[in-house]
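Order as written gives the chain letters A, B and C; numbering starts at 1 within each chain.
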Amino acid sequence: MLLLQVIVGGLLLGAIYALFSSGLTLIWGMMNFINFAHGEFVMLGMYVALLVVVWLGGGPAVFGFAAAVALFVLGVIVYAGLIRHVTRGPMLAQILSTFGLALLLRYTAFWIFSANVVSLPQTSLGGTLNVLGILVPTAQLVAGVTAAVLTIAMHFFLTGTTMGSKLLAVAEDRNAAMLMGIRPDRMQALAWGLAAAGAGIAGALMAISYPWSPSVGETFGLTAFVVVTFGGFGSVPGAMYAGLIIGLIQALSAFYLGPIYKDVVVYGLFVALLWFRPQGLLGKA
Amino acid sequence: MKAAIAFAVIFILYPFVFSNAFYLDIGVALLLAAISASAWNIVGGYAGQVSVGHAMFFGAGAYLPLLVYHQWQLPPIVGVPLGVAVSLVLAVVVGLPTFRLSGHYFSMATIAVAELIRLVVGTIDFLGAAIGLQGPAVGRGWYDLTFRGELPYYFIFLAVLTILLLITWLLQRSRFGYYLRAIKAGERAARSLGVPVRRTKLYALMLSATFTSIAGSLYAIKTGFIDPESGFGILVSVQMVIIAALGGAGTLYGPLVGAIILIPLQTATNTWFGGGGTGLTYILYGGIIVLIARFEPGGVHELWYRIAPKFRKRADAA
Amino acid sequence: MLLSAENVSKTFGSLRAVAGADLSIDEGEIVGLIGPNGAGKSTFFNCLAGDTLPSTGRIVFDNIDVTRAPPETHARLGIGRTFQVPATFEDMTVLDNVMVGAFLRHHQRADARTHALKVLELVGLADRQNLRARSLGTPGRKRLEIARVLATGPRLMLLDEALAGLTPAELQQAIALVKKIHETGVTIVIVEHIMEVIMTLAKRVIVFNQGHVIAQGQPADVVKDEAVIEAYLGRGHRQWRKQSVGGA
C-alpha cells in the first residue's frame, strides 16, 4: 500500500537523520556548543561521494569510507583551528564561528560545483526490493539500514568502550575527567572528528538515492537542530528516536500536504517544541 | 559627540560631492545596511542574543507595504506600521519560549522561523507566491514615495538612521541599556542583581524587530519589489550580522562603520567576481565572519582601541 | 526572624547534596556557615539565593515564601549574594558594574551613578572606577562583586567565600569592610573556610556536613564540638584522640 511505502521511506531517511544528528548532539552535550555548519558537513559528504565515483569509480563502500575519513579529518581540523579557541569566549564568537564556517563551506561548494542539482550515476544498488509486500528502492533500504546500524554502533561505542566512556566523562564533568587523567582537548577533537565523520557518511548514504546541490546543507542543518531538540540535549539515544520520528513526519507531510510542506511542518514542529517541550522526548522537565 | 557631528557632516555632504548615480546608489545601500545592522545590534550586539534569522522582521516590513498596495491600492507607507505589528508578533513567538532556555535555542529558532516563513510565503498566492510583489510603477502622489532619483531616499534613510542611533544612544545610557549589557556580560550575575532577564531580552528583541521591519519597509518602498528570497532569505540575515559584527557588535557606531567598510567592498567584489548566490562575495563573507569570531569578536571597534592606545577613552591597568 | 529555611533538600539524580537543612537568621546578625568541602554548603547557599530550586522544604524571607522564587525576585526583596568564583562583568568598567546593581532601586541614571559612586567610596574602589573589571586582580574583583551587590540595597547579604585567596593584609581590609557593611544594618551570612574570618566576624556559626546542619552556636563552642571535629578530620581522629589523651 502506498501509505506503508511512504512510512517505510520516511523511517529509512529518518535513520540517516539520526546518524548525522547524533554527532551534533554529542558535541552539544560535551561542549555546550551547537555546530551551525553541521548540515554543510553532510553536504560535503555527498560531494565526496560524487568525486570518488567520478574519479575512482568506486562503489558505495568505497565512497562511504572516503566520506568518513575526509570529514573526520575536517572535523578535527575545524576543532583544532577554530572551535577550541572560541569556546571560552563570548557567545557571539561561538555562534558566528560555525555560522561563518557554514557560509564559507556552502558558497565554496557553490563556486566549485555550481548550483546545479547533481546525483550519483546508478550504482550497483539499483532496482527495487519487495519487502513483505512493500516496494522499497534497494538503495534507500541499504542506506537506511546502514545508517541505523552505524548510529547504534556509535551509541555502543560511547557507552561500551573505554574511549567512549572517556568522551562521556568529559561531557559529564570536565574537571573531574581531567583529574582522572583524561585530556578534554583530545576527547573533544575526537568527538568533532566522529561527529563530522557521521555527517559525512550520512551524506554519502543519502547521495545514493537522492539528488542534491550545495544548498541542501542549510536544510539538513535545520533538520538536525529539530532532531537534537526533539531528542533532548546531549542524548544520542534521543537523537536516534527523534531522527526516525522526524523522518516519518516529514514523509507523511510530503505525502498529504505536498513536497513544499515537508520542511515547513518540521520547522513548525520545532517552534511548537520550543513552546511546549523544549527538553525534548527523553529530557527532564 | 565629535564623532557624531563628523559623521553627520560627511553624510549630509556626500550626495552633493558624489552626485553620480552609481555613488549615490552605494550611499543609499550603505545607509539601509547601517539601519538594519544597527537594529540587529540592539538584541544581537548589546544583549548578546545572536539572531541569525532577522530577515523574518525585514521581510515582514518589506512585504506589508507592497501587499497593501498590490491588494488594496493603498499607499505603501500604510503598510509600514502593519509590518511592525507583524514583526512584534514574530518577536514574541520566537523570543518568549527561547529566552528562558540557553542562548543556542534562540539562535536556532531564528533561522528556523525565517526559513519557515520564506517557504510558506512562497506558496501563498495572496502574498505573491514565488514571484513576489511589486510597488507602484508611477506614483499617484507624493504619498506613494516613488521618487525618480535616489536623493530623496538617501535623506529619508539618513533621517531614519539618525533617529535609530539616537534611540540606541539613549538606550545605552538608560537602566534598560545597562541591563542589556549585564545580560550579555553574565546572565547569572545579572539575575542575582535583580535584572528581569527574560523580559529584558524580549523587549530588546521587540525593539530590534521594530526597526528591522522599518528597514525592510524602506527597502521595499525604494526598490518597488520584494520576493521570498530578497525578503526572508538567509543572506539578508547574514548581511545584518556581518556588518554589525565587523564594525563592532554592542557599540553605537559599530554597525555604521561595518556598513562603510562592507558595502563598497561588496559592490567591488560583486563587480569583479559576479554577484548572486554563486559569487565569491559570500565566500568572502563567510571567511570574514570566521576571522572575526576567531580573532576579534569585538570587531573593528575593539581592534582600533587595541592598536591605537592614545585614543583609548578607558585606561586599562598595564 | 529575617530568613528561615525549613527541611530544605536538594537531590541531583541519585546524589543528595542537601538533606533536610534548617536555618534561621535574625535581622542584624552575622552568621558563619562552615563545613568541609562537598558538605552541601554551596548548594544550600544557592537554594537560599534562589539560584537552585530545592527539591523539598521551604525558605521564607521576611514572611514571604521565596522557595520557588527566581534570583531576580530575591534581589528585589532584598537578598543579595556574591559568587564563589567572581562573576563580575569583565568588559564593563568598575563603575558600570556597580551601576547595574544601583539601578535596582535607582531608576534614573544620575541617581544610580551617585549611589554607585558612594558605594565605591565605601568599598575603596572609587579611584579605579573607570578601569575595566577584567583588569582588576581577583581580590579587586571580589571587592567589586561586594560593591555591586551592596548597591542593590540588600537587607541580607550572602557572601560565598568572598574572602578566599587574599593576602593577610588584604584579609584584614576585607574583614573590616564586612564589619562596616554590617554596621550599616545589613544582615550577613558568610560561607567561609578561613577560621580567622569566622572567629572574628561571626557571632553565630552553623556547621554543615553531608547535606545538613550538624552543629550551631558561638564560634568558640562550635570549634570544640566533637561532631564538628569529626566532620573535618574524620572518624579516625576521634580514636587517635581517645588513645593519646586517654579518652578525654
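Methods note: a residue touches a chain if its C-beta (ideal position, glycine included) is under 8 Å from a C-beta of that chain, and two chains touch if they have at least 3 such contacts.
Because the structure is predicted, anything quoted here is derived from the model rather than measured.
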Classify the chain contact graph as line, ring, star, complete or other. line
Select the chain at the greatest separation from chain A, using centres from the mean of Cα atoms. C
Which chain pair racks up the highest number of C-beta contacts? A-B
Separation of mean Cα positions, chain B and chain A [Å, integer]: 32
Indicate the whole-number Å distance between the mean C-alpha point of chain B and the mean C-alpha point of chain C. 44
Whole-Å separation of chain centres (CA-atom averages), chain A against chain C: 46
Sites on chain B touched by chain C in the complex: 173-175, 178-179, 181-182, 185-186, 188-197, 314-317
Sites on chain A touched by chain B in the complex: 28, 32, 34, 36, 82, 85-86, 89-97, 99-108, 110-111, 114-115, 218, 222, 225-226, 229, 260, 263-264, 267-268, 270-271, 274-275, 278
Which of the residues in chain B come into contact with chain A in the complex? 44-45, 48, 50, 52, 93-94, 96-98, 101-105, 107-109, 111-113, 115-116, 119-120, 122-123, 184, 234, 238, 241, 245, 249, 277-280, 282-283, 285-294, 297
Quick check: in the complex, which residue numbers of chain C touch chain B? 49, 51, 70-72, 74-76, 80-81, 83, 87-93, 96, 99-101, 103-104, 107-109, 112, 128, 130-132, 135-136, 148-149, 152
